[in-house]
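Below are two complexes that have subunit A in common, paired first with subunit B and then with subunit C.
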Partner chain A sequence: MVTVGNVTEGRSLMAHLIRRTGFGATQSELDRLEKLDYNKVVDQLLNPTESNHLSDDLVFRYHTEVHEQRGGPWSAKQWLYRMVTTETPIVEKMALFWHGIFATGYAKTNQARALSVQIDMFRRFGLGKFDVLLEELSKDPAMIIWLDNQDNHSGAINENFGREILELFSMGIGNYTEEDIKECSRAFTGWTLKNAEYMSVRAMKDSIWPYGRISWHYEYRDEDHDHGEKTFLGETGNFNGSDIVSIISKQRATATFISRHLYDFFVADEVPVPQWPYTPPRDPEAIETLADAYMSNGHDLTEVLRVLLKSDFFKDSCYERIKCPAEYVAGCLRVSNSIIKPTMLMNEAVNVMEYMGQTLLNPPSVEGWHEGTEWINSGSIVERVNFAYEVWRNSGSLEVKDITARLSVSGDLRPEEAVQSCLKFMGPLELTEDSARNAIVDHVSKKGPIKFGDCTGEMMADAEERVAEILALIAASKEYQRA
Partner chain B sequence: MTSRTVIERVTYDKTIGIVNNNPLGRGFAHPIDIAERNGELYVLNKHPGFTRVGVCTYQEEYLREYGTYGHGDGQFWLPTGVAVNADGYTFVCDEFHNNVTVFGISGEFLEKWGEEGSDVGQFGGPSGIAIANNGNILVVDQNNNRIQEFQTDGTHVRSWGESGNEIGQLNQPWGICIGKDESIYVADWGNDRVQQFDSQGTPLKIFGGPSENGGCLHRPSKPAVDSDGYLYVSDWGNEAVKIYSPSGQFIQSLRGEATLSKWAQEFLDANPDESSQRDISDLMPELPSHFNTPYLISTQIESYFWGPSSVLVGEDNRLYVVESSRHRIQIYELL
Partner chain C sequence: MVSSAEKKLIVIQLSGGNDALNTVIPYNDGNYYDNRPQVHIDPNKALKLDGELAMNPSMGAIKRLWDEGKVAIVNGIGYPDPNRSHFRSMDIWHTAEPTKVLTEGWIGKTIRELDPKGDNVLGGINFGRGLPRAMSCPGVPVASVGNLDTYGLFPSVSEAKDRNDILNVFSQMYGGKEGRDAVSEFLSQTGEDAMIGADVLREAPEKYSSSVEYASNPLANSLKDAARVMFANVGTRFFYTQHGSFDTHGGELPVHSKLWNDVSSSIGDFMDDVREHGHADSTAILIFSEFGRRIKDNGSGTDHGSGGVAFLIGDSVKGGMYGRYPSLKESDQLNGDMHANNDFRSLYTNILEDWFQVDSVPIVNGTFEKFEIFE
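== the complex of A and B ==
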């Protein structure tokens, strides 16, 4: 068990790994991981088994609205419970990654359940072969409505999906022609959803009547498919949508585009996607390494991630990313071990993510969110600080009790020792500005040293209160905004 | 192997209700429980912001409503159970406030009692409520895994039950009902069964269980018993209703077969663009394989039960099945 002493390099690296592939680790999780070989931990992470998490039954019983998931925040709440309580956080992290790229929103679909089904699809296919994921995305009912493919008919194409699958979902602008978009769209004619006309009317009117939403599922209408010959990215044939997906997936441009997204999400913040055609990657060599892994492993995303997570550029990237609101909120709740049963706190957590700039399941557009430093502004930082402070200030949370117990092993602590030790538990983290560190120490000093007494007495309860406050103040620091 | 003749106990009658996306007015907003008195149906709605008791009839007359969302007197946050006594007083338990609110015959707030805790008279997420044959109030104390009996003014009479999965023990129980013979039936939610107790809390019989046979239960929410002793259980986790004979033999399972209610038909009549498309849609489609649980299937098939949170055997000898996620009540005739 780590107490107040120095944090080992291995423990720091594990903490970094779990912040990036999940939402952060508790001290007891790090105790376990620290003893393991890093590469083996990566391999285990990339082979997630069936996930345990706070039971949906419990969540549904308490939050009746989450059982129905008629509204976007209701579905977001269920997802947040998963992020906070799952034993396989990488599955949720990949779902979040793909949600940012294949951004599909409630604002147009008016169908939160369909968005949940899409997220579940990301869980099933998000770590698999890109071809399969892209085909599932093309059949996803929420995506079909989001990009109007129910209006893409033989002889009367709608190019919306055909354009975005190339521009935003796979290759990036500059790697295809306008003619490719048309041919791609022709190939996806007939890819629609069951009862498309009725569901379109309901979605357009945001109708919930008479008995709430009816979830959607994919339907292929052969009679509405354009069976003619098509030429796409230099290949000619009687292509259907699946053929188009195969052609897209084998392009080097796709490998590079997806690799840059993976780098941006797991390694270090890149510039926003619209600037990619004009701004070279932050680490071109890393992108090439990942693209090579994509091409040489049959477009298997798990293998690309394996190369990424074991690379030096990943290991050297501590705190090079700003946490997105979902990572920040889920991370605070998870690492503080605050959620052990359904609670009204999750209502607030979902709302506060929106105030921080990220409404899960309702991205601002098909481009998704602009991430990195764009998450931080004068309004969002106040929301972040207040939420983190509120969560960590709860001296009843299991993690606060655990950290206090670890601190108590060394006996009473002077304020500067207590702050320094808490910084180790919260990252380990270093506050780059002495003024911030000094402000926390000064605040703690007002009540003198932290005394623990025996492990059960009133003094220990007071120590937990004071430790919770230090952790809360650290969680409100600018350094804690980073992963 | 012996064959068993299955005798159906109920047959589908009709559906009442429509989703209501407002704090007032006809329709339901996550209906969670139901009670009846003199032909009036008291439907408890749990939708955040729109909590209330709505009173209507089998004929879909919407009569009145009372109780609102909030933390004050006569307000609810997470209401879970409703019961109406012979004098017309309404009792509503709230698992967030950990109390019981009492309304008078006109729906006026009278009093509330209870607070969070595990001592006598305190609650840990009360989730079900019923009127005993002697007029006392029985409250399912979910997280304390016990049943508490009170006089109508909140005076504690007795408590029984403890945490566990043995006979007589409970695991996050939900709904409760009383038989004609004063038996008490409790939906032992976490143990996937219904337990029958005598009026003093002595265990008598177990219905359901998690086994694989047709009569198994998964997270049952509420029992109801008819005058012949037949038991009807809203099998919430299986999106079904299970029916058992008085001896405990499973005899029928219902999956739901909702039709358009009077209010639903009026909505569609006023919205011909939706009505015309609905008429030509296949609302019983073959589903992709990933819709592989009763819950996921119910998200897709509108006529199936979705969130059957409560059942009631009415004075009119009908079975009322409340669906929280479809905002309606499917009604069956007892045969």
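== the complex of A and C ==
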């Protein structure tokens, strides 16, 4: 076990890796990981097999509203449980990544079940070949309704999906013409929802009565497909949607656009997406490296991520991102080890995430959320600080007990020693200003040194209280807002 | 004459889709009873406004204000091509844009117009938690107050002394002027804004005294909180809150009546309070809902419809009916709904131009014929 006050470089790097590919690591997870080779850990992460997590039927037993899929917020709760308890957090992180880009929302679909199905699709295909993911997305019922492809008919196209698949989902603005949008839309005619009219009327009524949310299914209607010749991005043929997906996926523009998104999500906050055509990337070389990996590995996203996670630009990017509310909330609950079984705390956690500005399964628009510093305003910061403080202040959580036990090994601690060690456990984090650390130390000093006695009974309970307070104050810091 | 810099707007959002037909009732129209065999208001109990329209019997306090000429009723309000999704329709009202999906709210944009540098961290306050889209606008500081008495950072710390100690630590943690980078400085600034806002708001309850006893319901609590902040004169221009749920698909009559009793009694109390404290001329109240409900009832309630009713209330308001009440004749209906004939952006334009004296065009995303509701 690592000695307190001396965090190895390996441990610190593992903590960074798990913050980015998951929702943060507990101390015992780091104990295990720091003994392993970094590259091997990355390879294991990218091969997620056992996704043990709190099972859905157990969640349903406590939350009937989740079971009925009554609405977006309730299904969001189910997802949050998964983020907090899964053993393969990278799968949820990728789902969150794609949810931010292929942003589909309850506001228009009125269908929580279809949205959950879409997230599940991201879990299955989110780390695979981009072509496959994009084709699945084009067949995803929630996406079809979200971007009106059920109204995209042969001879009467609706360009909504045809436009966004190019602008927001693959290449970005400036890499195609208005004519390409029309041809793309023609190719996706007939890609619709089974019984679309009835389903959209039902969704419009926004009712779970009388049979609950109905499952939506994709249907291809050949008779409604425009079989004519199309010219798309310079290629001509009798293209169907799948052909368009292949042409899109092999474009360098797609490689670059997806790479920039990956960089933004896993490495460092970029400017908001609408500014991308006018503002060069933070690290143009990194984007080139990732785009090359995409092109030379058959558009396999796992391989792109492998290059990313093993790169120096990734390893050097500690705390260059503002945590999004989902990362923040799931991270606090997961790392503090607060959720063992379903609990009412989760109701509050989902609400608080919304107060922080992120309603899972209901992004503000098809452009997703504006991230980075736009997560922070004088209202959301109050919610973030209060939530993190309260979660970490609970001395009953398993991680607080574990950290206290670790601290007790070296006997009674002076406040500055205790604060210094807790900063290492919480990140390791370094507070920007010495005055900030001194303020915590001064506060802790009011009650004198932290005594562990014989590490049992009231003495230990008191120590856990004191340690919880230190951890909670660190969680309230501005540094903890970043990942 | 109140200067425009002192004028304030209280926004009360009726969430869930308020049944306009049972709010302002066409009690002499046979079509009303034909379409509402189960879910109609007894004409003998309705509060008559004129020969044709009456208020729901539970709106006593608002009716009294109507009799004083302080209530403007905007009938048939909505927007073209109505959307019957709660969320989307609410977004449309919040962003003042029915066709494109926008993210900046009309109130947030107005606050930015009134205070471009964001000098006042309390220009807009939501009473409730979270931030309604209407108030959201990058760079515009806003506060969200769940409960004024416990508002702020670390509400879970119950001992005042402990909380002050911890706030002191917080202010040291966010007080650093020299951040390690721009993001750190931004976090410091936002943390400080939040603390300043919380400090200012904490004093409001101490300064407040009033002879008004507010009704006991969540909306009354929020309006009392709004009054306490308003009387502390901290420069807040927008006070936002919501009440509901008005989504009365089933068992409508008792639920709708209770909800309007809440709204009406709290507004009555609030108006008494602002009058007692000399803020009556500078305060206007806007009440809206994301949509109305269908003309036909479904046996025990009503489903999502279009065309609603909005209210503007205050001592600077010219009371009366604005906009034509939509015809209930089958040939005049819009797929079984009331046909809205007044665009909500006309009402916003009136408020923006004549109450706040700001250019409405960039805020409501276009030019709309405005109402003339203010004195």
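Here is the rule we use: the second predicted complex is superposed on the first by the 481 of 483 C-alpha atoms of A that agree within 3 Å, B and C clash if a C-alpha of one lies under 4 Å from a C-alpha of the other, contacts with A are read in each partner's own complex, and residues count from 1 in each chain.
Going forward, a contact is a pair of C-beta atoms (placed from the backbone, for glycine too) under 8 Å apart; a residue touches a chain by one contact, two chains touch by 3 or more.
Here the structure is a predicted model, which is why all the values come from computation and not from measurement.
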First, second, both or neither for A:Thr49, with subunit B first and subunit C second: neither
Dominant toucher of subunit A (residue count), subunit B or subunit C: C
Touching partner for A:Ser477 - first (subunit B), second (subunit C), both, neither: second
Touched partner set for A:Glu65, first subunit B, second subunit C, both or neither: first
Subunit B versus subunit C as contact partner of A:Tyr355, first or second or both or neither: second
Touched partner set for A:His217, first subunit B, second subunit C, both or neither: first
Contacts on subunit A seen with subunit B and repeated with subunit C across the two complexes: 205, 207
Contacting residues of subunit A [partner subunit C, same complex]: 105-108, 110, 204-207, 269, 322, 351, 354-355, 357, 362, 364-367, 370, 373-374, 376-383, 385-386, 389-390, 393, 431-433, 435-436, 438-440, 442-443, 446, 473, 476-479, 481-482
Subunit C - residues contacting subunit A, complex: 84-88, 91, 101-103, 121, 126, 129-131, 133, 138, 140-144, 152-156, 165-166, 168-170, 172-176, 178-180, 183-184, 186-188, 190-191, 193-194, 197-198, 249, 303-304
Touching residues (chain side subunit A, partner subunit B) in the complex: 57, 60-62, 64-65, 67-68, 113, 120-121, 124, 194-195, 197-198, 201-202, 205, 207-215, 217-218, 344, 347
Residue ranges of subunit B touching subunit A (in the complex, touch as defined): 17-19, 21, 30, 32, 46-48, 78, 95-96, 174, 189, 219, 236-237, 258, 260-261, 263-264, 267-268, 271, 273-274, 277-278, 280-283, 285, 287-288, 290-291, 299-300, 302, 306-307, 309, 324-328
